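Two complexes come next, and they have one chain in common, chain A, joined by chain B in the first and chain C in the second.
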Partner chain A sequence: MGDLLTYLPPLARGAWMTIILCLIVGVAGSILGFVIGLARASSIGVLRWVSAIYTNFLRGIPLLIILLFTYFALPLLIPGADFSQLMSGAIGLTLFVSAYIAEVVRGAIESVPRGQYEAAEALGLGFFNKFRYVIVPQAMRVMVPPWVGILLAMIKDSSLVSVIGFVDLTQAGKIVGTTTMQPLWAFVVVGAVYFFICYPLGRFGRWYEKRLSISLARPPDTLQILMPAVTGLLEHEPPELPESPESPRDAGGTT
Partner chain B sequence: MTWYLGDLIPYLPLILQGLWVSIYVSVASFLAGSALGLVAYRAKAGGSPALRRMSSAYIEVIRNVPLLVVLYLIYFGLGQFGINLDPLWSTLIALTINNGAYVAEILRAGFDSVPGGLREAAQALGMSSRQTFRYVVFVPGIRKVFPALTNQFILLFLFSSVASVIALPELTNALMTVNSNTLRTFEVFTVGALLYYAVSSVLAVGSRVGEKRLFRW
Partner chain C sequence: MISVTDLHKSFGKVEVLKGMSCEIAASEVVCLIGPSGSGKSTFLRCLNLLESITAGTVIINGHNLGDPKLDKITVRKDVGMVFQQFNLFPHLKVLDNIMLAPLKVGKKDRLATEQKALELLEKVGLSDKADAYPSALSGGQQQRVAIARALAMDPAVMLFDEPTSALDPETVGDVLEVMKRLAEEGMTMVVVSHEMGFAREVADRVIFIDEGLIVEEGKPTEMFDNPRHERTRAFLRRVS
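Take a look at the complex of A and B:
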């Protein structure tokens, strides 16, 4: 175990590379997934069709195959391209993550009641404004918990980029394990680092989900609205009505 | 670069053999993992406090650590104690442990969805706690989470590709071998991706059909 302490710097560097990779993929995958999810829910047939093939195919093959493809085969497709391992890994992981995020985005957008679309159209909002001001803000709330779940899975899945030789946390653990001849401790440390990155994120997702389900389930509280009026009457002061929530969905919350 | 599949033909048996190993490994570890998941769920839901804590620690740790790290831990790490497992056993153990934690969570979602009133009704009818679990909680709970379970199986099948890194001759490993022998990189991985896609699509369709046939009451 003592041996391992001298090898902490390489492990820390590996962890740092994992974090950088996850930040890149988290942002790129979210943006790409969001766009594809919108295409998936759009009213234009071709867009829907192409995005459906994209998400279904990428969700039906292993991440490892995607990574091997972006590492070995993609540079052949683009003449003169010289991808680093970080680049190949980031591209592969982004493709993979975006397919899952697109499905979440589509589900969330479809969860917005039909009436909201009709209301937006009745207000004369165009396609862009309808999504920008009416649909997406409502879908966003439903989207967050599964989105956090996907990012969490992404952090764990990023360990697979070690297979194409990128020195991330897992690969650093493997190298340290081989040099110290103590692979068990090396991988226990690596596993613990992953755990301490992922666990808080998972807790946040569950906390948010619980908060969300409370705020979605609770109907506008009549008592809450009436009580100040009643107490106000008793105190002979003008009753102060609480600000009416923008929609029943915004009522409640436990912050 | 030209598209040519001819070089792959001699390797077809190797690829199909790999596909068979992938399926075999996923089915075996899904069955074992589901049993483990059921035990973990029972321990978490009704065991003594110590059992409960152990079970939730197992579930949380496995769900927050990459499968690859667990696989390395078993394949390379246990060697430190002189326990040298071959790739097949390492993979089976790693996938089983991994799957058990996820199945336990899926089962919890399913079984907890059975209303408490139903359990009480079963007890009022004089059913033992074992009978209550078997007829009132287990079957309706499984019915509810059947799609989640089959989805978990598909994910397990896809993630069994990870075993290629410890040289288990499954599909991905076979593809890597063919790739280094033929250098038909683009063709090899396209064919491989299509094979995986075909199997997971068949499984997805089978899951939907199975759900309709199995739970028809």
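Take a look at the complex of A and C:
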């Protein structure tokens, strides 16, 4: 155990890299996913078509392959590009996560009743105002829980970036475990750190959900329909919204 | 105010409107009646471009709806619509429901808009509900808010798509009362309704539509007491 203490700095550095990576991917993946989700739900055929290919394609490829591709193959496609491991890992994870978020955004937007679009249009609201003030606020309530679920899954999936040699928390744990010959303690610490990274996000999700349901007085059934999608995601299934008959589980996602 | 000539509307291969023509003058209140599926709602929805027009011309308040360069928003500013299902925005308070369009589309001053919204709420008898969410209101109250919301844009024409069909019987009266007052103030109104009492009392003209065509139109008394067409008679027998 004493040995392990001297190896805490590398573990902390690994944890820090994981946090940095997840912050980048969380922000970039959310923005990209949101935009693609809007395209998925749009009335413009070309946008729908292109975004459908994007999401279906990326959801059909293992994350591991995406990461290997962005690290080894992408620089070949873009001459002169010199991606760091962090950069490659961030790009790969962002692509992967955005595809899942896009599907959640699409589902949430399509769950807003037709009449809301018509009322907004009949009042003369243009495309931007309609989405900004009428559709998205209502869809938000539906999309946030599965969205948080995807981000939680992403934090844990980020451990896969060790395959491209990025020293994240998992890789640091592996190194420390082997050097100290105490893999048990090393991985207990690593697991605990992942938990403490994930837990606040889960809490935030719950808090945000509550806040939305206070300000939004609509029957709460939409949330209950979507909760299985969250649990499904944590187990790496595509978030097909209405399916998955499992009972709703804690969105805090500490699995 | 509204001039419709040979209006056709098809959904895919199904032709719903088969060449309708009519003129509606300013301040006129017109009730559209007819069996369900006859096309009366579709006709109404063509008037504010919620449905695209397949063929024919519609001119409303000087806008030619067939003009490809026409901005839909300019038409919709002039045409208010009230839906069967109210379609209030559930995430906004009553007052914000009313203020959204004037603020975002009309780009009006916030204080003046709020003043106007409160006046409209008073007009529909719901001054005390400004800060309520729609879900806290009864159907009739929600529909009256929806009317106030449509009026907030100062439309030249108001369209009502079966405004009382989704309501409990005891709240229908309040909504009809508001509509009646609106008619008395000189609003141009096109109302799709099954409320024959309202049509008889308030409408200047009743248009009977069946299978996508105008079968017969006239003053409510003529239409209800002395319909000329067998189809109109059959329909009126069934609803009364």
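By our rule, the second predicted complex is superposed on the first by the 198 of 255 C-alpha atoms of A that agree within 3 Å, B and C clash if a C-alpha of one lies under 4 Å from a C-alpha of the other, contacts with A are read in each partner's own complex, and residues count from 1 in each chain.
Basically, contacts are C-beta pairs under 8 Å (C-beta built on N, C-alpha and C of every residue); 3 or more make two chains touch, one makes a residue touch a chain.
Just so you know, these numbers come straight off a predicted model, no measurement behind them.
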Contacts of A:L64 with chain B and chain C, given as first, second, both or neither: first
Partner chain(s) touched by A:L8 [first = chain B, second = chain C, both, neither]: neither
Partner chain in contact with A:A81 - chain B first, chain C second, else both or neither: neither
Per-residue contact with chain A, leading partner among chain C and chain B: B
Which superposed partner A:V190 touches (first chain B, second chain C, both, neither): first
Contacts of A:Y199 with chain B and chain C, given as first, second, both or neither: first
First (chain B), second (chain C), both or neither touched by A:T170: first
Residues of chain C touching chain A in the complex: 48, 50, 72-73, 76-77, 79-81, 83, 85, 87-91, 100-101, 104-105, 133-136, 146, 149-150, 153
Chain A partner contacts - residues on chain B that touch it in the complex: 1, 60-61, 63-70, 72-73, 76-81, 158-159, 161-162, 164-165, 172, 175-176, 179, 185-186, 189-190, 192-193, 196-197, 200-201, 204
Residue ranges of chain A in contact with chain C within the complex: 113, 115-116, 118-126, 129, 133-134, 137-138, 141, 215-218
In the complex, chain A residues that touch chain B: 57, 60-66, 68-69, 72-73, 76-77, 152, 156-157, 159-160, 162-163, 170, 173-174, 177, 181-184, 186-188, 190-191, 194-195, 198-199, 202
